[in-house]
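Shared between the two complexes below is chain A, which pairs with chain B and chain C, respectively.
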Partner chain A sequence: MAQRAAVVGVGITDATSPRKQTRSHLELCQEAAWAAVEHAGISPAELDGVVVGNIDGFEGTVLGGKHITRLLGLGPHLPMVVLNTGGTTGGNLMQVAARMVRAGTHQRVLCLGGPTFFGVRDLQSAINTNSPMIVEQPLGMGGFHMGAFAASAYQARHGTTVEDLASVVVADHQKAARNPYAHLRYTLTETEVVEGIPLSSPLTQPMVCPVSTSAAAMVVASDDVAAARRTPSALIRAMGTSSDPYLGGGKGDFAVMENLAALARRVYALADVRDPRAEFDVVEVFAPYVHMQPMQLEALGFCGPGEGIDLIRSGATDAGGDLPTNLSGGPKCTNAGVAGELAPYAYTALQVMGDAPEAIQVPGARTGLAHGTGGSFFQFENLAVFSQLTPQEQR
Partner chain B sequence: MTSPLTQTVHWDLTYDVHLGNTWGRFMQGLREQKILANTCPDCSRTFVPPQAYCEACFVRTEQWTELPAEGDLEVFTVVWQGFTGGPTPPYAVGGIRLAGADTLLMHVVTGLDFSDPSTVRDQLPHGSRVRAVWAEDRTGQILDISHFEPAG
Partner chain C sequence: MSNRVRPGPVHVVGLACTPLLPEQDAVLDELVFDAVSAALAECALRKPDVGLSVLASMDVPDGRSISSGLTTAAAAGYLSDSYRLEADSGSAVAAAAQAVAAGDVEVAIAVGVHNPEHHAEDDAGRRRFLEQLSNLAFEPAFDRPVGMTAQTVYGLQAAHALDSGNVSLDHWAELSAAAITRGAGGRRPGRRGAVTAADVLASAPVVTPLLDLMLPAPVTGASAVVLASPARAARLLGRSAVLTGIGQATGDHTWTGEWLTHPGATTARAAADAYRNAGLADPGTEVDVVELSAPTPALHGPYLAALQLQGLAPDRVCPSGGLASAHAGLANGIIRLLEAVEWLEQHQPRGRAVVHSVDTITGTVSEESTVAVVEGI
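Here is the complex of A and B:
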């Protein structure tokens, strides 16, 4: 029997660099999984499924999720699904868990994402292997090189300066400084960002996400399970995924996120969101490179083409603004791979449950938007709309 | 004495990727100094590199055409920091719109003076004309086009 699905528990570990991390991949995953179960107020024996994500190759493993799940200590007979969709793995975890719950075959499903980039000596070299083989891999592009295409095209279209881009980094770091789970918790000036080490034009090192180590987990459950809780849950009102052609050159226009805009129209229609700027109390987008957040704000209908940076500079996306965005500091300040991709969903769910870390909680947040994206040139997008489900509203 | 923190794991694996008919024909074209594209019969979009199926219409592509080895540079980035096993930076990679194509062909772009990073962007403004330079030894791979250089 079809039923609604809601996030009822979230677990996020603190984050640090691979060098400073003292816990293993498995230990981080255990910590996040157990925190999510505890937050949900259920016992591990009540789980009836696990959706675990990993990215083969980047982690130096094949189907690493299989090894992790068995060792979580959650019970011997837990059905498991391994997701391995590259950069969208984390964002897709909840989509798969929610479909299992909505189908009525599962009641409580754990989603789990660990640290993907934990240990690889040269991450850009690993990411180059993710580039389309044969026609694009031999050209020499790692993650931030491919990311820089959109930044360069956006600059050419709108006359965006490096100082404009730097202002987005400054805002992200101010937010991360308040999030106890964030990795880079220091603030930066525009000058420091502009004068950072050039990586791939126009991106400098501070404009690109760090390599973090952390884990994140969520429990997705049915209405009935949510109703039994004494505190609010995060109802998944609508969700969806969308894809561009796989080859980087198949993207028609690097200066605009057409694929995300199309997905937003579809998901907003499902959730009956008519005025996104007015209706969302909190937004978390997956923006590991600086230009992505303004471009995503445009594609999500919060402002017009080329206006994303002005929107961020206006303070609207800060805590206290009318569209608080990436109060976690976003993947720009904490990106552990699959855990980082799951993070926008985890933080948005926490916000509408009223359980985000005190320093970043948006008072009274009831409706939230979470976003994920991946692919060598970010060809793949995912979105979800959450609404607060209070105990008295539950059937 | 601190306890051991890491152990090294190394992968070094070689694969033969089978190109199939569509990319096989494209690679044979490059060997003959021809850039071949194909077209979707439904939406009439022309793909380079060619595709066996149109991703939007889910139909088999048909008509093959040879595109000019010249086009407009729509986007590029200068790689200042490379990676293990990659080319030596600085170098530039761009997306090139060959006349008649609905997709961009990604390739290495030369002819830039990297001595002053702040001027590199303006040396090849959006839409600059570039042309393919063929490698002397062509073996049927994307680097049979050595690179694209400014034309005119």
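Here is the complex of A and C:
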């Protein structure tokens, strides 16, 4: 018998760079997992599954979850599933956990995302290993090299300037400065962003995500469990994923995110969202490269093609705007791999539960959209719509 | 756990696997494409009909990183829900079945693929490659430095069992020979000739006390199963079987010793969930056949006992020959399901089978075990 699923607990650790991190991968995972369990108001013994993300080939272990989950102190026999879909791993953790709960086979499932890039000396070389091997691998292309193709295409289509792109980074840093869990908690000017270290034109270093270390965890539970809580939960109203092919086949236009637009239509229909700009109180998108953010806002139906920058410059996506977006600061200020990918889900759930850090909480937020993405020339996408579920409503 | 709900049944409508060979002349996505296309063809469905695709594979042996980028379209995931687990394909079947049972999709496909990009002259060479990777999956501070690998674990467990005095190497040789011989007469043998217990005992020592022919026959390939809701299945061609229960469990790590002293404990927990979901009170009398995944003969007895099926006639235990005949890595779980469904179709169309699979990445340490109950209809 099918049942509904909700996020009932969230744990996020502080973030910093791998060089400054004083805690181990395991310690970060323990902190996040225990914080999520405590936030959920359950005991570890009540968990009946854990879905953990590991990106083998990027990490120094093979299926690290096999020993990490045994060392969390949450019980030696917790059934475990390891998920690996690269950049979408974190976002997909909840998709797997929610189906375990919705099917009725599980009641309380922990999603765990650790710091993927803890020991990586050259991240772009690591990312190169998952790119097509005919052209991209021999050329030594990394993530931001391939990302820059879309940034250039977007500029060419809409006349976007580097200052326009820089404005997105400036807004993100202002938000991250208020988020106690963020990695880069300083503000920047447009000039500082434009004059940052050039990486792959038009992208400069501040336009690209940092390498962070942190962990995130969430407890996904049945509505029976949610009803037993004294405080609101985040009901998963709709969710979905959508995949591109490896070589970008069928993707004729790098200036638009067709795959995300198609997924948004599907997920909005499931959640009966007809006017996304009006219906979402809070949004978290995964935009590790600067151009992705306006493109995603366009694909998600918040504005028309080429209007994403204007939407951000208007202040609508700031705290106090009508579409508060990435109040966490997003992945351009904190990106710890799987933990960073899970973060949009964790922050959105916290927002509709009313439990986000005080400085970034959207007052009265009841409906939120969380997004994840990964890929290179191709993009894989995931989305979820959360609604506040109070114990009174549940009963 | 008492407040768990019993999930609804999920129908098996398509099942297929590629030829199982020591090494393939095809790359990862070609194998996935072949298995998925064949499974969909059985039920006259096309890739756009699939609501969710769950693929099980392991990137490190396959020589990839984030291989889902490569395989998703071949696995019917293009522009639809899909994800990839690094687990035995039995877990992929469970995840796909959960999506159908949840009412999220009407049709889901689970896929397993195993195709190490490594050439070796013989099985020993193939095992050596996988053993190097196995070590990396152990806990890094204490277990890796002392050389823990899947084979080491299997050897230690077998030695511990022999030491008890309740089993013998000769008995294990008989079990292995019977399994290899059964498999050689089947549809998907890795080891293609009949052997005797004497042949097994004469085979090369690998990890004391286990000998070469007591260990799984490494093969490569892909497998796929199409699942559907009861309503959707009623309008489909293809297989006539239904999954009535699935259970999953993960074992403890090295420090408790459960992997050594109670190697069937993980399977017992998975079986308890599967039987509860399927409404089985006395599996010993209610199950007609079991497809078991015992990586060594030393695990044959503990797994059967964990499944409460030790009373089954020998010809009802792994009629395919199991892993001793052919072991396609993480593609194994779906292959065991295929063998079980084919046995039901041929011998007992209204019968009931138990399908058991484990990953072999770290042996019985942190072992992932999946148990499914499948019934012919």
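Quick note on the criterion: the second predicted complex is superposed on the first by the 388 of 395 C-alpha atoms of A that agree within 3 Å, B and C clash if a C-alpha of one lies under 4 Å from a C-alpha of the other, contacts with A are read in each partner's own complex, and residues count from 1 in each chain.
In this text, a residue touches a chain if its C-beta (ideal position, glycine included) is under 8 Å from a C-beta of that chain, and two chains touch if they have at least 3 such contacts.
Quick caveat, the model's predicted, so the values are computed rather than measured.
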So, A:390: does it touch chain B (first), chain C (second), both, or neither?
neither
Using the superposition on chain A described above, determine whether A:174 touches chain B (first), chain C (second), both, or neither.
neither
Kindly classify A:314 by the partners it touches after superposition: chain B alone (first), chain C alone (second), both, or neither?
neither
Partner contacting more residues of chain A (chain B vs chain C):
C
Looking at A:245, would you say it contacts chain B, chain C, both, or neither? Reply first, second, both or neither.
both
Scan A:130 for contacts with chain B and chain C and give back first, second, both or neither.
second
Overlapping contact positions on chain A, where the chain C interface meets the chain B interface:
57, 60, 245-246, 249
Chain A partner, complex, touching residues on chain B are 5-6, 9, 11, 17, 19, 23, 47-49, 55, 74-87, 91, 93, 95, 102-108, 117, 120-121, 125-126, 141-143
Chain A touches which residues of chain C in the complex?
1, 3-8, 29, 58-60, 64-70, 72-73, 77-87, 91, 94-95, 97-99, 101-104, 133-134, 136-140, 143, 246, 248-253, 256, 258, 266, 269, 273, 277, 361-362, 366, 368
Touch list for chain A against partner chain C, complex:
1-3, 48-49, 54-58, 60-63, 66-67, 69-71, 76-88, 92, 95-96, 99-100, 102-107, 126, 129-130, 222, 224, 240-246, 249, 259, 262, 374-376, 378, 380
Given the complex, residues on chain A that touch chain B span 22, 57, 60, 119, 121-122, 124-125, 128, 133-136, 138-142, 145, 148-149, 151-153, 155-156, 197-203, 245-252, 254
